[in-house]
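The next part holds the structures, each set out as structure tokens.
Look for chain A in each of the two complexes below; its partner is chain B in the first and chain C in the second.
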Partner chain A sequence: MSQGFIEFWQTMYRNKKAFSGLIILALFIFMAIFGPMMKALDMTVNFEGRYMSPSFAHWLGTDYGGRDTFLQLVYGSRDVLSIGLIAALFTLVLGFVIGALSGFAGGKTDTVLMFITNLFLTVPSFPVLMIVAALVQIKNPVMFSFILAAWSWAPLARAIRSQLLSLKNREFIIACRIMGLKTPYILFREILPNLTPYLAINFIMAAQGAIVASVGLMMLGLAPYSPTNWGMMIQLAVQNTGGIFNPKGYIYLISPIMCLGLFQMACIFFSNGLEEALNPRLRS
Partner chain B sequence: MSLKGVLKRIAVSLITVFLAMLLTFFLLRMTPGSAIDTWARDYATQRGMSLDEAYRQITAMINYNPKEPLFAQLGRYLGGLMHGNLGMSMIYQNVSVNEIIANALPWTLFVLSVSLIISFLIGINLGAMMAFKRKTILDPIISIYAILTSSVPNFIVGILLLVIFSFQFGWFPVNGAYDPIVDPGFNFPFLLNVLYHGALPILTYVITTIGTWALTMKGSAVNVLGEDYIIAASIRGVSERTLMNRYVKRNAMLPLITTLAVSFGFMLGGSPLIENVFSYPGMGYYIGQATQQRDYTLMQGLLLVTSLAVILANLASDLIYAKLDPRVKLEEG
Partner chain C sequence: MLVSGCGTSTPGLVDRLSAGDVQDMQQLIPDAQIKYNKDKIFHVLGGWPKPPLYQGNPFGSGGIGDTNTRYMYEGLFFFLRSMNNVYNRLAESSEDTDLTTTVHLQRNVKWHDGEAFTSKDVWGYYRLNNGAEVTKYLTSIDTPDDYTIVFHWMNPAPYPELRKLLLAQDLQGQIPYHIYKKYVDKADALLQEAKPLTDKSKDGPFNLDITEELSKKIALNWNEFTRSGPAIPVGTGPYKFEKVTTTDMLIDKFEDYWRPDAVHFDKIWIKNVPELSAQYALVKAGKLDWYDGTPPKDILESLLKQNKNLLHYRMYDPASVGLMYNIRNKPFDNVKFRQAMTYVLDKTKLREIGNYYGKEYPKISMTGVMPSSLDKEIDASVLDQMTDYTTNLDKAAELLKEIGWKKGSDGQWRDPDGKVPSFIIGAPNNWAPGVNSAQIAAEQFSKFGIPTKLKAVDSTIYFANADKGQYDMSMDWVDISWGFQNPWSSMRVLFWQGTKTKVGFSNIKKKDEKGNEIDTGKLDLKLPGIDGKIYDIDKEMKRFPYVQDEQERRQIIDNLAWIANENCWGVNFFQNATGAWINTKMMSGDFPMMEQIVQYNRDMPLATDPVEQLAITHLNHGFNSSYMPEEYWPR
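== the complex of A and B ==
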């Protein structure tokens, strides 16, 4: 285990893209955990102090209401990251359980589960998310994550199923079945470890997808529960004349966009590197 | 391809259509009863009729009556769909959902087909070039470009284009599909105006999808380049240009055509985000309006039509692919 761990880190370190992705992600996580503890964010409107340019007191200036832009970003990162992480976790659990059951059980269970999966793959997810967000009042990140995950597990389930189809005829699984081990035991103790690398990469991709979708929904004003979420900041900048009409407000508009882009890029770099580190066949 | 395979695909699609109808029905059922009550009250005072009469007319208009038993509701809804009736919009007064879709679909179709054709053509040519000239600067540039465009969501690119070209420079319009001063119809000023209004949405789609097309094409072309017939052709002295255009590009394009059909279906629903950024009155714009203003009939109508488009596109892509590539057998998979 420790040998493999060291090797993993070495591969990550050698891959420049993956390593830079990892560092950026770590910085974002650090910002989300410790940032809000450093300084309190004052969201009261301060009319005299609006549209200030960047200074030592306000690193990225102030927005249309005189609030510190940088602090809003820091506070927002907590919300954005927790949505990404929780949604990715839900997606992974749903995708793995449904895909693994479908592939492992076969027969009627497989047919029914795959039909449901196909339906979820066919109905365009973003419009559905919009409608669900309109019907249900989203009040916190956990609920938001669950709604996002409920419409994003299908591709993963299908992929896991096809992996299962090849795995279940391997000798060690057949041995388990002959020994009379229960299905949940085989799925979680024998099959899950074999799929860990694959799931790890999908975790990053699911987090990335959930964050884009959540920012999109926020931007349409469909989940207005946190004013500092980056998506909400973009919405306020675009719709509420916060930044788009006024060149002085451009920093307020650009900052969440930059953060989002940087985070997404770090995810892509990191997951590419992870794929290389965990899949020996890709290593050159 | 065998007839049995085709029929099976069609049957599966039909069942999916039915499930999509069920889904939209349950969505409509989630409409709070109070929304219908309020509407009925307004309707009654407007037309000077009794509340019961208003309620009856409204439930007929939206094909849905929350007071009926579940199966009667479903029967009424499906019956309406069989007549192609999606009900009346709840916020746009006296406009049916069908009319809204009929007005919105051409705009989405226009932006979508123009941008898909542009990005597909540029993308596959770039991808083929990347595969052919491995050692040139082209490959890293396109790869970085693809990573950049996939890390910035497409609606953000839209916002940036809007801020730069519409607000900062004032070169492009801020909203709408055409100016009211031009005469809608098949005349040159109108077409020019439509193109002028569609330019930024089209540019957004093209910028954000070119990279993916190029990378997919490159992957596919690299595979084709390893085939024996390519080596044989190049030994035979087939010129590099012919090799690229007639041998590699044609074969490498096959899997991408399926993707093209599928993405056409997915985008037919319009991108709610892009169309809302540019206030472009396509399908996505109306789904945004419907959800923001809680127009339940419009929501379900748009979702149903969008889902049908995806199902059709999936079916078409399967059939087209089997036709284009005889190596694919439809029964499998």
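== the complex of A and C ==
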């Protein structure tokens, strides 16, 4: 095992916040992969059994239709995580490629790419998504993630460009150029490692943002409605329980909020630790 | 403030009724005896374009708010939704001859700006708003004097009861001619340029042939009218505009209202609160004196429990929540497939989640008639001959097999080409009963082995998408009659309006002079009726208003309802139930079903007695009904 890998884990372990974030994220990933294999989710309505209190049979009680809340969370985690992670990956790739190319190439390429980036930053996403919703049929999570990423790469691209403008005049990059190394080599072998901490943090934050945004897209009708998506569960809980006006529905309302909150908190904690682990200057 | 609003400091309604404290509910109480609503303000919710967009033309962009219109405007007649009862309002009386309806107007009516209301204001409304449906059945409107207006019907004329309903459905059948003279006179002059209709297959206002060029001029004049103001509404209703902000509107009692004794509140304070949870908070806190709607069962019970002064009445909506199959898409063009899908649905579960207080009718698919009036409108022998669509998974499987579908070992059905389908149900995302029940329908289809997902689409684009056939199945109101309750009215929605476009019935095409195919917009649907003969649905629909014999009219409706049910173009999930909340701390009145309020602890069931149904429907004074100011007073 390489020294760097061991140091990474040691740093993560020492940072209690980061470590707890990592454990929570691991649990969520475990839940998403193995949870649905353990018990089938039956979404058949059992109105008489609605808003049941937590019990051995229903760990988090039941929803407005008498369906098991915990199982919905477990099944929803697969949706939530896959959309979040794929969207984050798209965001990262788009943001890095456009930002890096713009910053490194400069000149007209920079002007054109930054013009496009600024367009995406300034055009309000809501009306555009409305048009997209009218034109595009989302049929799978990959396409859903791509549309989520389409409006989240621009800030990252600008930030990467700024980093590039700073990095490209450093001695080691100038040396690479003098040696006649090709641009892709310089970008991916010399510059990318320097941006890894920044990209890693952005990956986590983009995943978190995509999960929240996915509910908005479902409510716009861009994507098929997934009643076990945590965000959609909150929406349904508020709609069917009136938020706070049905005391019987409190656990059903709070459960997805807690899950989403816990996931976001874990992401933030983990990304803090990640920055420390990947950026030697931050290590104490 | 919240505590006092919740009513904990005052005895609740049941306590008061049990103690015999009913004086304020039997009659209007003198000002000196008003305990809680001393300012005599009626608090309600409403909506309107936010200032500076707000303007006073109800036909202008965004209007003035639907509910608010009812407080500030009145028509010649008004009707009660779910019922056919038509009452005089600005009409003092009316009489019919074979081809005319003469309306005598109330004589002391004034506009809010002080001008007298005259027959010219009614004439002006129909000349300018010549797209109003009733104009298709009229040849002209005369105003022999300021207080008499004569509607001349085409020959043959619609049967007499329908004439009044056609006039009454224009809830605001008047506009201030003194304000809009320029546009009314222009519209009148343009109509006078048109020649009489000779082609009987065409419709036109006042039996006129409106050419494309003339139509453009009329539309231009209408558009100019909608932008012409005035800055604030000018109606003849019991309340006149005082001021508006983004969140609040205040309207004042109109001093010169023609029925001064009928108005008991001095002001109406309308709040604009779009968020549902915030609305419930206001109801719970007693900050609204009247609130429209019936929330989910548990919320309703919780609100009643938390505020002992709240009283809730339920009433049928003249509409059902339903799903329409898009027959433009395969395999929905196959009636057996549509029927199989319908047999899969368990309507009880759809209703429990969509609207607990609604009522499902498991036997029917979609008939074009409001389900609660099926027994009244459709002959029992015809109802017996209709296919029974009560949930039957075996029957669904049998029908699918008949058309070559097979069920795989994975439990999924495959079409004759061996493909597992993947269907989409579209629904407008702001319509909770539709979205909730459609989600359950999607789950029921998927569980049966036909993978189906719901798309809850933003309502600004949903309806255009659904009309274009973008979804395999679409959610909307079905078997609906927002206007007057007459089976022909709901059949119009099925065959001519919203249901038609979502199901995707085709239109008659014809070639123009250049040989290009053009869509006439006329329904092209010919199907066997209950007697086995082929019927042209469009012709049957057009024939109905002119059939003077009631029995013959009933036969037309019987036949059309049977055809609709057999062809299974959609599924009526359940007839919607709505309701009205009253804050009895601030508002009193001769409440319906008074003697049963204690028994039901203020959670009133659907009334079965027609008189009580009528009284409860009076409570719905927004939307397509009129405000009845005389029936409630401050407490």
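Everything below uses one rule, namely that the second predicted complex is superposed on the first by the 241 of 284 C-alpha atoms of A that agree within 3 Å, B and C clash if a C-alpha of one lies under 4 Å from a C-alpha of the other, contacts with A are read in each partner's own complex, and residues count from 1 in each chain.
Following the convention adopted for this analysis, contacts are C-beta pairs under 8 Å (C-beta built on N, C-alpha and C of every residue); 3 or more make two chains touch, one makes a residue touch a chain.
All of these numbers come straight from a predicted model, not from anything done at the bench.
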{"item": "Touching partner for A:G221 - first (chain B), second (chain C), both, neither", "value": "both"}
{"item": "Chain B versus chain C as contact partner of A:L22, first or second or both or neither", "value": "neither"}
{"item": "Partner chain(s) touched by A:I160 [first = chain B, second = chain C, both, neither]", "value": "neither"}
{"item": "Which of chain B and chain C A:V238 touches, first, second, both or neither", "value": "both"}
{"item": "Partner chain in contact with A:V74 - chain B first, chain C second, else both or neither", "value": "neither"}
{"item": "Touched partner set for A:T44, first chain B, second chain C, both or neither", "value": "second"}
{"item": "Which superposed partner A:K248 touches (first chain B, second chain C, both, neither)", "value": "second"}
{"item": "On chain A, the residue positions that both chain B and chain C contact, one per complex", "value": "130, 133-134, 219-221, 238, 244-245, 247"}
{"item": "In the complex, chain A residues that touch chain B", "value": "115, 118-119, 122-124, 126-128, 130-131, 133-135, 212, 215-216, 219-222, 234, 238, 244-245, 247, 250, 253, 257, 260-262, 264-265, 267-269"}
{"item": "Chain A-touching residues of chain C, taken from the complex the two chains share", "value": "276-277, 280-281, 284, 295-296, 298-299, 302-303, 349, 352-353, 356, 422, 424, 426, 429, 432, 435-436, 439-440, 442-443, 447, 453-458, 460-462, 464-465"}
{"item": "For the chain A and chain C complex, residues of the former touching the latter", "value": "43-45, 47, 50-51, 64-65, 130, 133-134, 139, 218-221, 223-225, 227, 236, 238-249"}
{"item": "Chain B - residues contacting chain A, complex", "value": "12, 15-16, 19-20, 23, 27, 30, 147-148, 150-153, 155-156, 159-160, 162-163, 167-168, 266, 269, 272-273, 276-277, 284, 287-288, 291-292, 294, 299, 302-303, 306-307, 310-311, 314"}
